[in-house]
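The same chain A turns up in both complexes below, where it pairs with chain B and then with chain C.
Coming up: the complex of A and B.
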């Protein structure tokens, strides 16, 4: 089984990294021929960095839009961040990273452990909203529900291992740090790892692309300076030459 | 009350978020181009091409490679629902395809089907759909029920702007010969004649001369409306509705008075006699550029130093955000001023410099509120700092009026509602969606009328003015409750050497005596 999971995770990691890199490359290379920042918009680069920071860390626009969705999704995402940082210790040996980084990972441990509950609560909230708000139900495809379920079961299976039936974490770490460990055959672990691999495999082909997308959104990342600077895309330049 | 062939929503204190009613607006379809030249003048096929299916997909593929916005917006939506109750057309019609995400999904489901792994192999799972004739017609109907007002983009966590999707969809439709008559006919007129209304140079000259005579008669002051004056400092580009429609023309008179009092040397141009640029509505960079180039050429030919735009919403978006990119560089203009400028930037400057003699009491018969035009609010500035697009108009109104109140804060500023007629919808064949889409604005207007004694609403957009003139009566209000902002300025300006009412009475008496 360890062999199977080793293969699966190698494959999932490759798909995840390469797929995401290709998408990011596509976004970066596609021209943005006109200034379309949603105004009022920052008129300096620093301002844009601050705007994106507020968007990514506080979900500013969503907060303006709907408080219920904001609270559930913010809880989910922040909890997920804590959980992810906590998980670093399963993949990293202390002497691989600077002391500060390891100190941070250690600091997060107790928070990350309980953040798992917050994550699941956030997901449950989002799931109910998808079912009960008629407008959101109308726009939901089966995949929209399934993502919530996948993430939910990743969270629940993880919590199981933390609080109900412990697994051999030392062996898992040896497995993931290529130290020759064998994965324990525990049901929650198998569910947990399978769903995480699935998520990584599908990430570049799904709506999870909102993660890189938010950084490339022209209405959010553009400096509002169209009168000061021209912004002619290469294809628009070619058109200009043609029309001359 | 105007007669309606549909139910006009009743105004309540609030606009409740409605329960969905599918396809209430499926029947609303603006006229399709029937004369092929309305398409071909713009560089599109004259009628729906036979291989529209493949051509439409080709165009979609082409556009997502040209516009990062389109590619990112098609991918990034997570269906969070934040935008679902933000569109005035949804609030007024209950049709889920008028929810911003519902509208986007009409295109997104096709994008997924043909251009994504998940949609190609698991279409049902991700809601991907084949491109069929029904889909094509739905695109036509619903992408012409979007005023590209960008309200949805304010509330989207990824800044997805349905306007960008609508523009792309309309460009796809045009590229296969399925164009909208209203927009395309108008753009053709601009290419051929120079303005949306197709007013030829001589007609324009007549109108302006008549206006000068009226001014002289009314005030005894020769306020000029110069046309094609070479060597003038300022080229004024204003929506052509300003030349004849009410209340637009009162705004034009206002600009003229401001220029007169400031002692400015200015001119209009008969070849660039239109601020509006419908090229944006149909998402066509090429047409938008062609229309913009007329302004550059006029400015060069007349040898002006500054370009100033009159009151118009989408026009100001193209002018402010795109003109420099489309038709720049404007290095032949005076670099002390941004190119182009908004008339309100100019007027506010004159007010601050004390150049205008203002009698605020001239507007005392009115209590004003201000409608932030959607494209001005969410795509531009009117001044040198973010948010100046909200403050400058209010500063000017407050400088010329004693009575001013704002509408509810959720319906002004960046959250302002579209008038209901923007984005290429200002046509009689779309009356139903225009009236229903005006519901949120009408609701908030009625609230300040009842609670704060508001009598008039000022606007700075030709479309808003025309739309409200038409729609106010449907909601039991009066069509002249909508005024141009510069109409207020005009009322308050006391021209140097102006004949006052008393003088007038005297001279009337004299002339009567003479008779």
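Coming up: the complex of A and C.
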């Protein structure tokens, strides 16, 4: 059991890290020569940094677009952040980090614990949106449902372990920090870990790429300066030089 | 000899690493501290593995049983944990059971669990 999961997670981690790196490399290299920022757009670099900050932290575009989607989506993502920070305790040992950092990880525990509920509530809201909003249901692909279900069951199985039947977290931590622990054979844990491995394996090939992708959206990350500065696509530049 | 290509070589190294780390150590030994009464005993009030996994449930506040019904027959009692697991310093004074690297702290610090038992309950054995 532990051996299988060790293999699975090593494979999943490799696929996750390498796949994500290749994707980010691809995004970074994709040419976007012309200014297509959605106006009104910032006209300075600082402005763009602030716009992206608002986009990433508050989901500004989504807020301006659909309030209901924004509410559930924002609840889900913020809760997920807390939950992920809480999970650091399974992968970091106290003496690897400064005392301050460990104190913060300790501090976040109760928040992350109850954020689990918020996360599931957000996902349920997003799931209902896909089912009950006609125009959304029409454009929903199977993978859209898949991710909501996968994340939902990860959340529910995690909450099960917090609130209904505990598992042996010391053994789990020893397992994940290569200290020789054996994974406890507990049903919610098996579900939780299997789905997380699935998520990591599929992450670089899925819509979850919006995580790095948001930083590369040309309509959001471009400075609005087409008049101050001339932008020429490479093929146009070649034509221009021919004419000279 | 047939040479392994890069990917296969990585796979072999990974496999070796996993095998090594799995065989390295079974679950680390006892957390019981030296100089405590528990150090000289074979088992806790329940088998060690059971206590490791379930002590938090066993020790949940027993207010209804103890205060309302006066039932103290339960074998799990925080005061007993403390009296058995607290160690003594060189002068023979008991060390708080939740102090750094003491019995409670070693695992709870490891898992970032902040225990609040001892904000009310005593952390050294009762003087007799």
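Some observations on this one:
Assume the second predicted complex is superposed on the first by the 229 of 244 C-alpha atoms of A that agree within 3 Å, B and C clash if a C-alpha of one lies under 4 Å from a C-alpha of the other, contacts with A are read in each partner's own complex, and residues count from 1 in each chain.
Basically, contacts are C-beta pairs under 8 Å (C-beta built on N, C-alpha and C of every residue); 3 or more make two chains touch, one makes a residue touch a chain.
Quick caveat: nothing in here was measured; it's all calculated off a predicted structure.
With chain A as the common reference, the superposed partners chain B and chain C fit together side by side.
When both complexes are overlaid on chain A, the residue A:224 reaches chain B alone and has no touch with chain C. Of the two partner chains placed by the overlay, only chain C lies in contact with A:169; chain B stays clear of it. Which of chain B and chain C touches more residues of chain A is settled by the count: it is B. In the superposition on chain A, contact is made by A:59 with chain B only, not with chain C. Once chain A of one complex is fitted onto chain A of the other, the partner contacts of A:39 are limited to chain B, with no touch recorded for chain C.
Superposing the two structures on chain A brings chain B to within 20 Å of chain C, judged by their nearest Cα atoms.
On chain A, the patch touched by chain B and the patch touched by chain C do not overlap at any residue.
Contacts from chain A toward chain C in the complex involve residues 2-3, 6-7, 10, 89-90, 93-94, 102, 105-106, 109, 166-171, 173-174, 178-182, 184.
By the touch rule above, chain B contacts chain A in their complex via residues 17, 19-20, 64-69, 71-73, 75-86, 96, 99, 101-102, 105, 116-118, 124-127, 150, 153-161, 164, 285-286, 289-290, 293, 320-322, 324-325, 328-329, 338-340, 377-381, 385-387, 389-390, 414. Considering their complex, residues 23, 26-27, 30-36, 38-43, 55, 59, 61-62, 64-66, 69, 73, 129, 133-136, 138-144, 146, 202, 205-207, 209-210, 213-214, 216-220, 224, 226-233, 235-236, 239-240, 243 of chain A touch chain B. Only residues 14, 18, 21-28, 52-54, 56-57, 107, 109-114 of chain C touch chain A when the two sit together in their complex.
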